[in-house]
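Structures for review follow.
What follows is chain A paired twice: with chain B in the first complex and chain C in the second.
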Partner chain A sequence: MKMLEVNDLHIYYGAIKAVKGISFYVEKGEIVALIGANGAGKTSTLRAITGLEKVHSGSIKYKGEEITSTPAHQIVRMGITHVPEGRRIFTNMTVRENLLMAALTVKEKGEVNKRMQEAFDLFPRLKERIKQSALTLSGGEQQMLAVARAIVTGGELLLMDEPSMGLAPIIVDEIFEVIQRLNKEGTTILLNEQNAYMALSAANRAYVLETGNINFTGTGQELLHDQRIQEAYLGS
Partner chain B sequence: MNWLKKNRKFIIIPLIYLLVHVLNQAKILNNYILQVLMLIGINLIMVESLNVLTGMTGQTSLGQAGFMAVGAYVSAIVTSILIPAKNFSSAALISFKIGKIGFQITSIPQNLIFLLGTLAGGVVAAIFGYIIGTPSLKLKGDYLAIVTLGFGEVIRQIIRVTPIVGKSFGMVGIPKLANFFWIYFFAMLTIFICRNFMDSSYGRACMAIRDNEIAADTIGINTARYKVIAFVYSAFIAGISGSMFAHTMVYLHPDTFAYTKSTDYVIYLYAGGVGSISGSILGAAALTALPEILRQISNWRLVIYGLLLVLIILFRPTGLFGGREFSFLGLKTGGIKIFHFSDLWSWIGKKKSVEEAGK
Partner chain C sequence: MARFLQLLVFGLQLGSIYALLAIGYTMVFGIIRMINMMHGDFLMIGSYAVYFAVSLLFGNQLIGPAAALLVLMISGTVTGSIGVGIERFAYRPLRSRAPISSMISAIGVGLFVENLFRIIPFIGPNPRTAPKLMADKIITVGGVDLNIVSIVVILFSLVIMGILYYVIQNTKIGMQMRAVACDKDASALMGSNVDNVVSATFFIGAGLAAISGAFYANRYPVLTVTMGATLGNKAFISAVVGGIGDIRGAVLGGFIMGIVEILVSSVLPDLAYGISFIVLVIILLFKPEGLLGKPQIEKV
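Right after this comes the complex of A and B.
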């Protein structure tokens, strides 16, 4: 059974058709990337999966269960965690409070501490800043915090919206390393990227979105060497 | 000794009350000052209620006086019409004197009726909070402000045409059941409850919604539910304050609860420090007392009042106490931490409280 299955998804913003009938799936244990330019509909798709965006038509199934119109907070409890675009951390809280917030759906106290420790193992930098207000973190640290928050929330499927946006290359590498490590530990990952090279090298499979449609699909390596992709996205 | 240090608030808080009472009995504090202190207490409860809604959850409300009016009128109806307190003996239960200082415990049945009225006022206001909170879930910022503003005015107009509460002539014959003790008690209770709310997972969820609603959604917070909780909670506290107001003033007029009263509370909150309990206390106390202190210079007092507000907004945009809390509140939550003009603060030598807010 496929972990996530999206069928003929349409998302409209008034008269604007952002996503025009895309279908894709994610198998358990995979890293799947959605790549494409600005306005291709990547973010809308992710937001629709987690219930933040209203779906015009089509269906989204998680582990065979229909979740197209399930509210966002219930989807999180079913095991889909979303790292939203542009970090979206709680700036008025400390790093620790941000992580505690993410543990809202976790009932056992010991489990919360265990997961927090896990997050700090992956991002030792955050541990140093545990009492600091999240506002004072640098862009990279904020993105780390956003990912750490998702680790604390747990969930079997992790959706990441542009994890590399606005970050220095060295931090992008670090984030992608963590993504691959999380994947090895058993988390399935669906990510959005504009940094096509980075996404394709990390992903098992990828879909290329162009103005609301899926134009190509294939394994990460295939697409990385595809002539058309190279011309359009990799600039060679 | 350690026990004393840990529980010092349980000693200090009654001591402050005793001090005020003794000073009043010794004629050092006259009844006018006591009345101002009572008003401060009432306003403090109101600002705290607005702080829960605006400061912590980020939902703008310009109709807080509407909730207050509901609480005031409902409690007044209970104590003067449904169970008239005047039918019960008002003789003091116990009264004794230590030197020239008199102490008394006022009539128990009257106090019980008063508490019942207050509870009724709070509950009915909370129901109105639910009625307003639910349909306005999708509204944000200015639009929500307009809805709440409209609500406040609707409540006022309904009161104006309701015969049982005296229509637009105002409601008379409300027993004077509130005294400094009760107002002080409820103000402290409100502070205590708000502090615990702020430090709980509910409070953190509300603050998460204020900081970033999308992120709050993605970590599994039912944003709609928490917004309604904040509305109901805030309205309940406002209703309690309304009851205190009714039984202090003994006369209610619908125009008292006009939108200017709501905006007054918004000003108190923002001047004191939005999102900070200490700020709400300070804002309510300073801005209630200020016009009274400036009363001697009659016409100039509004000028000075306005000027001070402009200065606060210019130099401390997050309010006098924005982002920090009195240490005695013992809050673990960070609250707002945007420091503007913090140099001024360290210059005054309060650097320590900033560090404590960071812990």
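Right after this comes the complex of A and C.
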């Protein structure tokens, strides 16, 4: 059974068709990347999976269960955690409160502390800033906080929308190391990324989206060496 | 000097009423970026709820502090629930639209509520006399005559505001309110039921307006279906003066409005309402985001 199965998904914004019948799947334990330019429909797809966007038609199944019209706050309880595009941290709260908010669905207090500790082990800089307002964090630190929140929330499937956007290369490397480490520890990952090189290097498999359709698919390595992909996305 | 202190206490009493009402404006604005134009009507509903609770439960007996507290809780709960219902049916369907839509909806709801109350036979268009929740009793402290009711109203309001502030800063629901105010999608992704959090906000806002109404009716015991409009405007000014979206700002703004109004009307009774607006204009000229408001910083 596939962990996540998206079938013939259509998303419309009024007359604009953002996603036009895409199908893909994610197996347990994989890192799968959706790559493509701005406006290809990657973000809409992730938002539809976690219930933030209304689906026009098609189906989304998680562990065999239909979740196409399940509201966002219930989907996270089923085990899908979503790090949205642009971090979306709570700038009116401290770093610690951001993490506590992420722990909303975690029942046991001991478990919350354990996961916070895990997040701090990965991002020691956040621990130094635990009492600071999240507004004072740099862009890179905000992305770290966004990933740390996902670690605290837990979940078996992690959706990450543009984790490298607007970050310095050294921080991009750091974030991708963490993504791969989470994957080794058992989290399945679905990744949206404009940085195709980074995404394809990390991913087991990838799908290439162009204006609402999936045009290519293959393993990360295959696509990395595909001439069409190289010309369109890797700039060589 | 004694006269000034007396006026100051009156000002604080009126200020408590404005502050309790302003908190609702500011909380609703904070969480869904909407100016709830009919918020003053919650004050009216609350004071009618007090009127009916007292006549049904206690008839014409003079009621004691415990009974008064019970009546306040009934009024707060009834009004809070009405607030939740209004949000559910009049604002929620418009939440994804432009903010002006729900503002217009709010004006409509306000007119609807006032006129509905006018035609309900046992409420009716004629003013009613509110029952006294607390008898006036004058005590003299260091040569200043003070009404015990004023003191109770001020202290009680401060306690409620203290509890509210604690709830927002330190409880799960308070944390969710702050999170939803900042980012609804991100809150939903962490498992927060945004609709319920907004409902809770309306319950608290309308409930506090009801308590404000009870205090107001105890001081000026004439109930009319349109009494909420003017008071709502003044509370809205208070919220803006303090910095809309910030609860401490609403409290500060409410007290400023109350004190200014009482001090001005002791000299120029006809101008008090106008002066309130002048204070608003002056403060906003120098600090457009309100006294405690922060200028919006957006980080990319």
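Note that in this section the second predicted complex is superposed on the first by the 236 of 236 C-alpha atoms of A that agree within 3 Å, B and C clash if a C-alpha of one lies under 4 Å from a C-alpha of the other, contacts with A are read in each partner's own complex, and residues count from 1 in each chain.
Definition applied: a residue touches a chain if its C-beta (ideal position, glycine included) is under 8 Å from a C-beta of that chain, and two chains touch if they have at least 3 such contacts.
In this text the structure is predicted, and so the values were computed from the model without any measurement.
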{"item": "Clash or fit (per the criteria above) of chain B with chain C on chain A", "value": "clash"}
{"item": "Partner chain(s) touched by A:131 [first = chain B, second = chain C, both, neither]", "value": "first"}
{"item": "First, second, both or neither for A:73, with chain B first and chain C second", "value": "both"}
{"item": "First, second, both or neither for A:149, with chain B first and chain C second", "value": "both"}
{"item": "Contacts of A:169 with chain B and chain C, given as first, second, both or neither", "value": "neither"}
{"item": "Contacts of A:105 with chain B and chain C, given as first, second, both or neither", "value": "both"}
{"item": "Partner chain in contact with A:94 - chain B first, chain C second, else both or neither", "value": "first"}
{"item": "Residues of chain A contacting chain B in one complex and chain C in the other", "value": "50-52, 71-73, 76-77, 81-82, 84, 88-93, 97, 100-102, 104-105, 135, 149, 153"}
{"item": "Chain B - residues contacting chain A, complex", "value": "201, 204-205, 207-208, 210-212, 214-223, 275, 333-338, 358-359"}
{"item": "Contacting residues of chain A [partner chain C, same complex]", "value": "50-52, 71-73, 76-77, 81-82, 84, 88-93, 97, 100-102, 104-105, 135, 139, 142, 149, 153, 166"}
{"item": "Of chain C, residues touching chain A in the complex", "value": "172, 175-176, 178-179, 181-183, 185-194, 297, 299-300"}
{"item": "Parts of chain A lying in touch with chain B, wherever the complex brings them together", "value": "50-52, 71-73, 76-77, 81-84, 88-94, 97, 100-102, 104-105, 131-133, 135, 149, 153"}
